[in-house]
Each structure stands twice: as structure tokens, then as C-alpha cells.
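By letter and in written order, the chains are A, B and C; residue numbering begins at 1 in each of them.
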Amino acid sequence: MTPSLAGSARALLARDFRLLWRRRGDALQPALFALLVVVLFGLALGGEADALAGSASAVLWVAVLLAGLLGLDTLFRGDAEDGSLEQWMLAPVPLAWLVAVRTFSHWLATVVPLVIATPLLGELLHLPKAELPVLLASLALGTPLLSLLGAVVAALTVGMRRSGILVALLALPLYVPVLVFGAGSVAAHAQGLDPVGALLLLGAGLALALVLAPLAAAAAIRIALS
Amino acid sequence: MSPDDSRPTPLLEAHALGFSRNEEPVFGPLDFAVDSGEALLVQGGNGAGKTTLLRVLAGLLPADAGDVTIDGIRADRERRAHAIAYLGHLPGLKADLSVLENLHFLCGLHGRRRGQSPEAALGIVGLAGYEDALARQLSAGQKKRLSLARLWLSPAPLWLLDEPYANLDLEGIELVNRMVQAHLRGRGAALVTTHGAYAAPPVRTRLLQLESRR
Amino acid sequence: MNPLVLWFHKLGSPPWFDRFAARWAPWAFLAGALVMGVGLWGALFEVPADYQQGDSFRILYIHVPSAWMSMAVFGIMAIQAAIALVWRIKLCEVLAMACAPIGAAFTVITLLTGSIWGKPMWGTWWDWDPRLTTELILLFLYLGVMGLYNAIDDRRAAARAAGFLAIVGVVLLPVIRYSVVWWNSLHQGQTIRVFGESSMDPSMAWPLWWRVIGTKFWFVGSLLLRARADNLRREAGKAWVARLATGSERPHPAAGREPAR
């Protein structure tokens, strides 16, 4: 009985959700971090509606991006340390497929709670109501793209003990276009322009990344663990 | 060794296989072969490159020189994945999952040998009754037995066992030998690394001695 | 065998490359210094002042060649890295990694000169100009490659990982550039192109080409020197390096070991 793509995906998703359930508390950490960032910005900017409303969408985007960056550490580290990643490399299913499924379950677990919390966080920053739908759309398209790009960076640094700031440094240039089009779409909408162009670009990037990022990350894992 | 046309193609064959790290050779060039129903014992002291050799054969490390064939055909990633089951130093078990959950996942990943079930495999390795124990709660020896259960369930014909006797008591050592015997009887093959101090499987074995480079 | 192919094969041998680099690096530096010198003299003294910007535009003759080199070196680095990854040629690994600090230096020069040029124009040292912002991100990419190369102990694995990052970077660089340009147009409307390279009178252009060619020579010299150093460090345990260093056959017992950190 050799595993099919669907079968191995099912097994990996089942495993990841069981692990997530056993460590439910950890799953909320990115959302908590984003909340912290938002609170700090609110405090630093003085808490007045006018001062906050203008930068609210940008601050939220940065908070989600940073929280996702922190969460990137848990994408492959656990599996690398206990030898599971090795077994993935030896499996008859393509490593890129396993990486894609793993990135998906990681995104669901760490980022989706963030995006769900966004309206609440938006309230803290007096985000104009009209901007919320565009913000959510940009996050829905942008965060999986960030996860996929982040997977490549996480894969490159998977063997390392203390990667720390290095992961952030490596990910930053790759994240810039996503941030630009993501936060930019909301800014465009706020200026009265059509955000659809930017959102479509995010969508196109996501479509490309869905195919290319797992392949790149798989190659990077093999390089990093050799 | 005189060439014999009626001799079947070896399951695994290596030609001039070599690997180096930071410009220093770790092993090689090596030439050896393993037939179905045969075991190859890789012996050598610490640092002789036994683990590295197995990792190169498994495909985890790229060889610097030489090539590996499986059933006479050059071993690419797919052939290796279907033909090889690897038991390394790291157990590859999730601490927060139960014994059975770990096995179910690994079967989903590698496939399952026809006619075998995870529950039966647990019985064979002596972990019956531990199905719901979290892997975190197992001792080192029990984790090893769980890895052996995973190995038993794998459909791959060639086993690469890196220090399979580590962490096991006398009973465990006999278990490994019994498993290797049964596997070889079923036309499988096994490469086993050992320091040389432990008992070797009582089957037809070839010997590959690696010289320490340090 | 074709002499060109033979030459490439020879170049891949570490001792041969060492001799090649030792021989040609000084000439490359000399040629670079001379050609850049001619360009600089032309830029400072021969070329008339710009009718719009006066004399402050002269820094363009440093800024533009540096900017072009910062991009070109990244491309060269990525190509070397690709060759190293696909054909596993050690020399290309060394060359690719030697490119990174040089490219980063050109990027820093671009940023500094761009900032200095912009001050009289914008009134501030930094104006989030799309070209300069892209250069800044390019600097981060370079630093990332260098950081990754230094973070891994095994030199070959380090070069492969950092080289892979360079390839990912070069593929995404156009995307990054486009996104920054779009972002700039969104937030600042139509900016007056201070760094436009179009419409330059031919009488003012010639020092630029001298500078551009000069920087290329300088880059080659720098690359050969850095690659030679890295090559020697990697091969430190071999007999030919010992012969070079001490004149004896026996390699030093500590050769090849990474220094204690």
C-alpha cells in the first residue's frame, strides 16, 4: 500500500490538528503578539481617534506580518529536531507536497486566528469601517502568500540553532511586495482609488507561490540538511 | 570475485562511493553490494563514517563521488524512497502524539506492508498495551521499539539500520535480530552499522570495514 | 580538447585559480583605478555644470555606476550560485560568495551618494524615492546572503544555502522593484524624476562610461582577491597551500580547522 498524495495529505493534516489540539495554548501566541503590537502603537500614538485612524490599516498589516514572522519558527523546527523532517525526505510522496500541506496547516493554525481577530484589533485603532472589507480581503490573500514565502526562508535556516534575527533579515525583502500591495490596497481604497488591481496582484502572486514556494522550500530543506 | 552471469542483480550496489566534509574525506571510495536475503554489516570505530554512509545511501546527503544502483538501475530519489526504509539516530516521533497515532501517521507517509497492521506490529515489538501512551512518556528503549514497529510496517525491501541495538536491552537486541532474520527470509535486505561490540544478526552477512579518518 | 574548455577546467582547480587570481588582481585594480580616474577627472573638471542642478549633479558619476554595479553584481552572484548548485563546482561557490560583500559595498555607496545628491533637491537626506528604496531592500538581500553564509559551519553547505537565497532574491528583485514603484506612485503621486537617466546631453555622458567600465575592472580585481582568500581558507589543509605558505610539504596540524569562536 503506497501512499497517494491525498492519503499522505490527510495523514499529515490529521497529525497537525491533533498536535495543535494537544498544545492549544501555543496556537494563540501569534494573535496575542499582534494584540501587543496594536496596544503599543495605540499607546505610542496617543490614543486619539484622529491620530490612529489614518495609520490603522498599516499598523494592523505590520502587526499581522510580524506575528506571522515570529510564528515561522515553529513551521519546521519541531519536525527537524525530532527527526520527522528526515522521514519526510525519505517518503515516497514529494517533499514539496508535504511542505505545502504543512504550510497550509500552519497558516490555518497560526494566522487565521489573527485574521479573525483583525476586526477587534481594528476597533482598538479606530479603523474606519469602510476600510475593513478591503483589509480583510488583502489579509486573506496576503497572509498565505507570506506563509509560503516564509516557508522558503524557514526551510533555508532549518538546521540552525539560533537563527534569530537572521530569519527576519532574510524574510524582509521577500515580504516587501506583499506588504506594499496588501497595505497599499487599503490605502488606495481610502484615497478613493480602486483596490482591485492591488488585490489581483496579490492573488496572482499567491497562485504562483502555491506552485513555486513548496518546490523552493523542499529544495532548501535538502540543502540545509545536507 | 569472479563475475557470474547467473547471479541475480544485487538489490543495492555502490561504485566508488565517496563523501567529504569541509575538504576532508569522511569515507570512500567504497565498492560493495547487498543481495536480497542478505545483510551487510558496516563496522568501524567512532568517526569512521558509518552514519554518513547510511545517510548518503538513503539519499539524505549527496555523494561527492561514485554512484548507487538499486536493482541495477541508478538510484534516483523516487527509487530510493520506494526501496529504502531508514532507521537513524533520531526517532522521528512526535512527543505529543500517542504510540498508535504516531504509527498511523508514519504509515500514511511511507505506506504499509500488505497484511500488517499497526496494532499487530506493536505486539511484535513488545509495546502491546502502550497504544495510547504519549510518545513523550516512553523510555528511550520503548521509543526505539516504536521505531522498529514503524520499520516492520514499511513496505520497503531494503532496511538501513544505523546502530539499531542502541538503547535496547538484551530482549530488544534479540528482537532486532529476529526482525532482521524474518525480513531477510522475505527476500528483503539489510545494512546494519554497529561498533562491533554488539551481537550481529545470525544471517548470511557480508562485512564492510570502515577505517577511521581521524 | 578545445583550448577554451581546457582553460575552464584548469580554472576550476584551486591551485591554478590561486595563481591566476594572484597574477591578475593587481592589473585589474590598476586598470580600474586608471579608468575610473579618467572618468572622475572628466566628471569634476571637463563636463559643464547642469543648467538645472548646478554642480551638485556631478555626484551622479559615482552614484549611477555604483547603482548599476549593485544590480549587476547581484545578477552575477546568482548566476555563479546557479552553476554551483547545478554542477556542484567548488570555484563557482567561492566566486558567488565573494560577490556578496562587493555588491553590498556598491549598494551602500549608491545609497550614500543618492542621499547626498538628494539633499539639495529634496531638502532632506531621505525621501523614500523608489529607486533608493529598492536599493535599500537590495542591501538587505545582500546582508541576508552574507549573514546566511556566515551562519553555517560547513563551508560548502553554507555556500549552497546562501547561493540558493541569491537565486530566490534575483527572481523576486523585479517584483520588489515594481511593487516599490507602484507604492511610490500611490502615496506621492507623480514624482519628479530626480535620478532620471534619460535626456543627458552626449557632451556630459562620456565620463559616465569611463566610470562604468572602471568600476567593472575594480569589481574583477576585488572579486579575484576575495575569491583567492576564501579559496585558500577552504583548501588550508592541502599540501599545495602549505607549500605556498611555508615552503614545506607538511600541512600545519591546525590547518583547515575553523578558528574557535
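One rule holds for everything that comes next: a residue touches a chain if its C-beta (ideal position, glycine included) is under 8 Å from a C-beta of that chain, and two chains touch if they have at least 3 such contacts.
Since the model is a prediction, treat every value here as computed from it, not as a measurement.
Undergrad: Return the chains shared as contacts by chain B and chain C, ordered by label.
TA: Shared contacts of chain B and chain C: A.
Undergrad: For chain C, which other chain has the most distant CA centre?
TA: B
Undergrad: Identify the chain whose mean C-alpha position lies nearest to the mean of all protein C-alpha atoms shown.
TA: That would be A.
Undergrad: Mind checking the centre-to-centre distance between chain B and chain C? Centres are C-alpha means, answer in whole Å.
TA: 47
Undergrad: Take the average of all CA coordinates in chain A, do the same for chain C, and state the distance between these two points in whole angstrom.
TA: 32
Undergrad: When the centre of a chain is set as the mean of its C-alpha atoms, what distance in Å lies between chain A and chain B?
TA: 37
Undergrad: Please list all residues of chain C that touch 2 or more other chains.
TA: There are none in chain C.
Undergrad: Of all residues in chain A, which are in touch with two or more distinct other chains?
TA: 226
Undergrad: Where in chain B do residues touch two or more other chains at once?
TA: Counting only residues that touch two or more other chains, chain B contributes 62.
Undergrad: Show which residues of chain B lie in contact with chain C when the two form their complex.
TA: 21-24, 62
Undergrad: What does chain A use to touch chain C in their complex?
TA: Contacts found on chain A: 152, 156-157, 159-160, 163, 166, 169-170, 172-174, 176-177, 180-181, 184, 187-188, 191, 193, 198, 205, 216, 219-220, 223-224, 226.
Undergrad: So in the complex, which bits of chain B are touching chain A?
TA: Those in contact with chain A are residues 58-62, 78, 80-82, 84-86, 88-97, 101, 104-114, 155.
Undergrad: Tell me, which parts of chain C touch chain A in their complex?
TA: 85, 137-138, 140-141, 143-144, 147-148, 151-152, 157, 160-161, 164-165, 168-169, 172, 175-176, 178-180, 182-183, 186-187
Undergrad: Taking the complex as given, what residues does chain C use to touch chain B?
TA: Within the complex, chain C contacts chain B at residues 88, 154-156, 234-235, 237-238, 256.
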